[in-house]
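The chains carry the letters A, B, C, D, E and F, assigned in the order they are written, with residues numbered from 1 in each.
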Amino acid sequence: MRILVVNPNTTASMTETIAASAKLAASFGTEIVAVTSAMGPASIEGYYDEAFAVPGLLAAIAESERSGADAAVIACFDDTGLDAARAMASIPVLGICEAALSLAAFVAQRFTIVTTLERSRVPIEGLVQRYGMATRCKVRAADIPVLSLEDPASGAGERLREEIIVALEEDRAEAIVLGCAGMADMARELQAEYGVPVIDGVSAAVRQAEALVALGLMTSKRGAYATPLAKPYSGMLKSFEPSGGAA
Amino acid sequence: MRILVVNPNTTASMTETIAASAKLAASFGTEIVAVTSAMGPASIEGYYDEAFAVPGLLAAIAESERSGADAAVIACFDDTGLDAARAMASIPVLGICEAALSLAAFVAQRFTIVTTLERSRVPIEGLVQRYGMATRCKVRAADIPVLSLEDPASGAGERLREEIIVALEEDRAEAIVLGCAGMADMARELQAEYGVPVIDGVSAAVRQAEALVALGLMTSKRGAYATPLAKPYSGMLKSFEPSGGAA
Amino acid sequence: MRILVVNPNTTASMTETIAASAKLAASFGTEIVAVTSAMGPASIEGYYDEAFAVPGLLAAIAESERSGADAAVIACFDDTGLDAARAMASIPVLGICEAALSLAAFVAQRFTIVTTLERSRVPIEGLVQRYGMATRCKVRAADIPVLSLEDPASGAGERLREEIIVALEEDRAEAIVLGCAGMADMARELQAEYGVPVIDGVSAAVRQAEALVALGLMTSKRGAYATPLAKPYSGMLKSFEPSGGAA
Amino acid sequence: MRILVVNPNTTASMTETIAASAKLAASFGTEIVAVTSAMGPASIEGYYDEAFAVPGLLAAIAESERSGADAAVIACFDDTGLDAARAMASIPVLGICEAALSLAAFVAQRFTIVTTLERSRVPIEGLVQRYGMATRCKVRAADIPVLSLEDPASGAGERLREEIIVALEEDRAEAIVLGCAGMADMARELQAEYGVPVIDGVSAAVRQAEALVALGLMTSKRGAYATPLAKPYSGMLKSFEPSGGAA
Amino acid sequence: MRILVVNPNTTASMTETIAASAKLAASFGTEIVAVTSAMGPASIEGYYDEAFAVPGLLAAIAESERSGADAAVIACFDDTGLDAARAMASIPVLGICEAALSLAAFVAQRFTIVTTLERSRVPIEGLVQRYGMATRCKVRAADIPVLSLEDPASGAGERLREEIIVALEEDRAEAIVLGCAGMADMARELQAEYGVPVIDGVSAAVRQAEALVALGLMTSKRGAYATPLAKPYSGMLKSFEPSGGAA
Amino acid sequence: MRILVVNPNTTASMTETIAASAKLAASFGTEIVAVTSAMGPASIEGYYDEAFAVPGLLAAIAESERSGADAAVIACFDDTGLDAARAMASIPVLGICEAALSLAAFVAQRFTIVTTLERSRVPIEGLVQRYGMATRCKVRAADIPVLSLEDPASGAGERLREEIIVALEEDRAEAIVLGCAGMADMARELQAEYGVPVIDGVSAAVRQAEALVALGLMTSKRGAYATPLAKPYSGMLKSFEPSGGAA
């Protein structure tokens, strides 16, 4: 089985972190294809960056589907472009926030997401609401820029740990969810430090993607995720024009 | 006061319908600038089209802000790109779904949105949930393609009326919200026919935009809608690279 | 267009504050008629006062409708008597809490209402719940009696500012809603001080009332707001007896 | 123990129906004092009537408290004036909707309220929402005027039965709640006919009132139900002016 | 009328505390039969203990029903086994959490449950959610083992009082609900100390049980609480095999 | 990796159906140990059966954990005993309802559970609510006894298909979730018939269990799932007495 893991920002070093976690998580026999988006923002910090990450990640998913990928993972905790990708692709597509929350819910009744910047907190709260976890899950920001996670000297790890401690004490969190793909490599270490489950969404999504493929479950093409209808697209986005499907 | 009304699809004839409604709704002294998106899908029918409508509508808003617009209205009932636009712009930005629901709530306790295609029903239900109207508002699809609204021979008007009648009888709707910008010109006629308030989102948004401007209310730049941080964008979307703001 | 703004308490000096804000907010060509309720409590602080403010405000609305008003605004943040007024009148009726929240939602994802007394906090939380804003909006009380807002020496302004600062820091509010009609004149000043949108409900309601009138939207008489049925009323409230309408 | 049961409409024949049910429900040793409101509407059908029923019912409760009643029941299914009464009185005050729902929840997971007129359906849905029963309880209207329940020839009983059957079949209701005080005498008969619990709010409220009195539980005077503050009331409502309490 | 009050843990001294409160709460003419479960855990602290308390409490309810009890109360604040008991028995069955919350809601808009151990906090939050009280009710743990309530020297009373004070100050609780059957004897004393309603679930449930019996309300056997179908049970639980009922 | 799949009813033929699906779903290298509960009901149809299925399933999980299982799946769609099992065990425990819903949410926005008997519908709606899926997921009963699924001549398959068709048409379901472990072998066939994703909870739970084990995620022992405290158990359940853990 082949699973695409697309980093929807254009920072290749973060793709490496993500790829390493994805490969560690994958079953024997699963091939992980990690791809950096070919266009758009260098990091995704808020709604504006999100919007411009979508064409690149959809292009990557479309291409990998054509070349035989069985499932795709969008490795950004905002689950950027997830609905559009599910409508576009035939293969299953996973977001790392949704995947992480689903595993967290199996091992804890109350948990806290610790993300990067304050500006991402409310958008993630929106996802938590949408995924039905609002009574169980809080969101905190550690005030660390996304790319600072790539830089050991940035102090990002310390800030993250401080916020985890607040989550354990004030929220009485029973588990921690890491709220950024760039934290994917830290889950096991933090779990050992704090003695509670620490969930990385990249790993979670890879495993959930495998589950869907193994069980023969594809995105429903009935209703909200129906195949895009054929119609003209114009301007620089012409190449994304859908060739059609049933209404 | 100058208000941009952007049609986020590329169909100029629909922009004309929208512009006419916007001008009819505007106060004396308000200039309506109606713009057709310069890139993207010819109509927005589902999540995929939505995603590719965003760059074009953001470009239109950014340009109009630079040339002195006081507020912007996104004339698609999916409130496409609304969060990104609010983060990007300093001027207030309105979506027509949110604006229509807010006026509907002032004149009725229970109401029903009648939209175009079934594939748009669930996305709009997501907006209804997000805007806190889920206990008051149902969503129905009349099974009419968006652009059929431009064609008097399409029978779209009849289908729309059939669904309004079902909404009045089965949902016991006290008001009807028209769930597509392309229906903007039909509100007054349908209101006369059915004797209940019929709300068009384009008109609603123009008036709400005027209200915000008159009262000196701009989008908060604290938290979720903070100005996008400066960072490199690459590829065909390079031109959207943000020049920065406070973290 | 003529809009009634009724102060449902009997304190004329507060009506002046309200009238000034309403006039400042109104469009060119809108006539604001500000009326002090002719009976009932001198200020509305809790459920009991609310109940006895209703006859006076309904009398004022009925009279102004007879003399040609196009819409009415109830200038008390508890939205006192709003449902009864909508059932009674043909013209649109706005409450200032509902109107303020609808504008706040256009400019911020998270906001906090700062009201006067603790005893009003839970009733306003009930409104926030009813209007679908519970996940986005907190309510705080500054512990200031309503009429102290009329007295510059009362220290009410200082207490209000202290609570706004708490809202910004602890709630991470992106905007502030002023939770009493008596604060209507402070919005612009506070907005300048704190750099976030500060919304006054009186101004918001005036503008929303104009929007409804301009768009030809009246309260639905189907369902919950159906015209009161003709029936005998007795005792001191005899004069409010409804002359009837369709069941 | 003495319990006031106030019929907040002015129709004495309905008070008799209510009084009979209340007396049947009361424990040995409980005195039921049934009072018809001295002012206001002859029946309560919608928000407008509700508002004008409040002064009369508050007067009745205040007077009975002065003369030694231990608790009060407001015998209208809209729970008219309940919050104001709780703020005003020291003795516990029960609404029959809230009381009926609490007993229904002890004997069934899903139940349906059958009320009189369609115009009362949405207001009662608001109560169901407020009392936290929205996932368990539906509301239906049998389209019968309140006072037709007093007239055996009106066919009201037949219409009520028709709607109960729909509730059992379509809602899969496990129990029925009678949604009008005027139906108080029909509960046992309907229960025998349909073989499911049928709950009358008047009886439920009398028993809940007894429970509160026996256990020494009075309305909290901390927060939302704090004693009304002393202040001038003017006009015809002057007599309701509160003499004060702690802020 | 005879009411079974079953202590679902096996600690007889706690049954005495419970019995005393139940008898104090009961009406003249009500016989309280207090029973200690014959099998299972000595105290119920978390989900695991809960599961093993169920057979014993169901056995006690079945036996008391056979010998003529009119209703049953399960005296554990987790409402352990409540759904199974309602399905099994013909007589009404009350849980003390549900009963306490229903009375609390009649005397306060906002209240806080103070329970024993942190591990019981989230399970009780689950009940609060299920009973529709999540917007009104907080849950706190005083960190006192259940059986320490039986030991005056344990300091449990002091810890409980500390947490009540936090609830009053931080939650702005208007009433307190005692979150353990073992606290049943403390309600009146604490109410006197803090000047707010303090609700004990055992007393509340006894009174609610009386209400149901007096009004002829039995658990609905339609739907979720249908009589268990006849079928073989094997192993040590063979004796609980149901003899059948309608599907 | 070794995964226990426990059938919490005592019908061995159903265990075979479950085991076959579990094995088909498992990854290469995963050993499935399918166990029939040694005590309790022959099928689980409603709350009463559920309660008596718990000791047997907990015994099976405890024993398999001692003999080296890495995770456990409870193969009953009511997620019987799930919380107690998570508190008891160190290894992860999955319920098939929760697992099925989490996969359904990855492939569809709206879906319907089709279960066996009407009496199980409301309990499953309770789970849907708890798992945060109430806005997305409906529950229907096909009116087929659980064990009729084992009998090809029972017509159960036809009834199930009829209800699936109603779900697709009336609920506009985009996917179907099979609401009974006894339907585990039908998912692929039904998926082929109806062209929408059909999810079997047994397969889903096996894959989710593998994911948790592979990622090193164990049930949090902080908070609600803390290890049961040591304490005496008496009577026939003595053998389940916990030997203790940290408070």
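In this text, a contact is a pair of C-beta atoms (placed from the backbone, for glycine too) under 8 Å apart; a residue touches a chain by one contact, two chains touch by 3 or more.
Note that the structure is predicted; figures quoted are calculated from it, not measured.
*Asks:* Starting at subunit A, what is the smallest number of hops through touching chains needed to reach subunit E?
*Replies:* 1
*Asks:* What is the touch distance from subunit B to subunit E, in steps?
*Replies:* Tracing touching chains, the least step count from subunit B to subunit E comes to 2.
*Asks:* Starting from the mean Cα coordinates of subunit D and subunit F, work out the distance between those two points in Å.
*Replies:* Chain centres of subunit D and subunit F, defined by C-alpha means, are spaced 44 Å apart.
*Asks:* Just how far, in Å, is the C-alpha centre of subunit F from the one of subunit E?
*Replies:* The answer is 28 Å.
*Asks:* Can you list the subunit F residues in contact with two or more other chains?
*Replies:* 86, 109-110, 118, 121-122, 129, 134-135, 172, 223-225
*Asks:* Based on which chains touch which, is the overall arrangement a line, ring, star, complete graph, or other?
*Replies:* Shape = other; not a path, cycle, star or full graph.
*Asks:* Dump the list of chain pairs that touch, please.
*Replies:* In this structure, the chains touch in these pairs: A-B, A-C, A-E, A-F, B-C, B-D, B-F, C-D, C-E, D-E, D-F, E-F.
*Asks:* Could you pull out which subunit E residues touch subunit D in their complex?
*Replies:* 25, 27-29, 86, 92, 94, 98-99, 102-103, 105-110, 131-136, 168, 172-175, 187-188, 191, 195-197, 199-200, 203-204, 207-208, 210-212, 214-220, 222-225
*Asks:* Contact residues on subunit B for subunit F in the complex?
*Replies:* 118, 121-122, 129, 134
*Asks:* Please name which positions on subunit D make contact with subunit C in the complex.
*Replies:* Those in contact with subunit C are residues 10, 38-43, 45-52, 54-56, 58, 81, 83-84, 86-88, 117-119, 121-123, 126, 129-130, 145, 223-226, 228-229, 231-238, 240, 242, 247.
*Asks:* Note which residues of subunit B are touching subunit D in the complex, please.
*Replies:* 109-110, 135, 172
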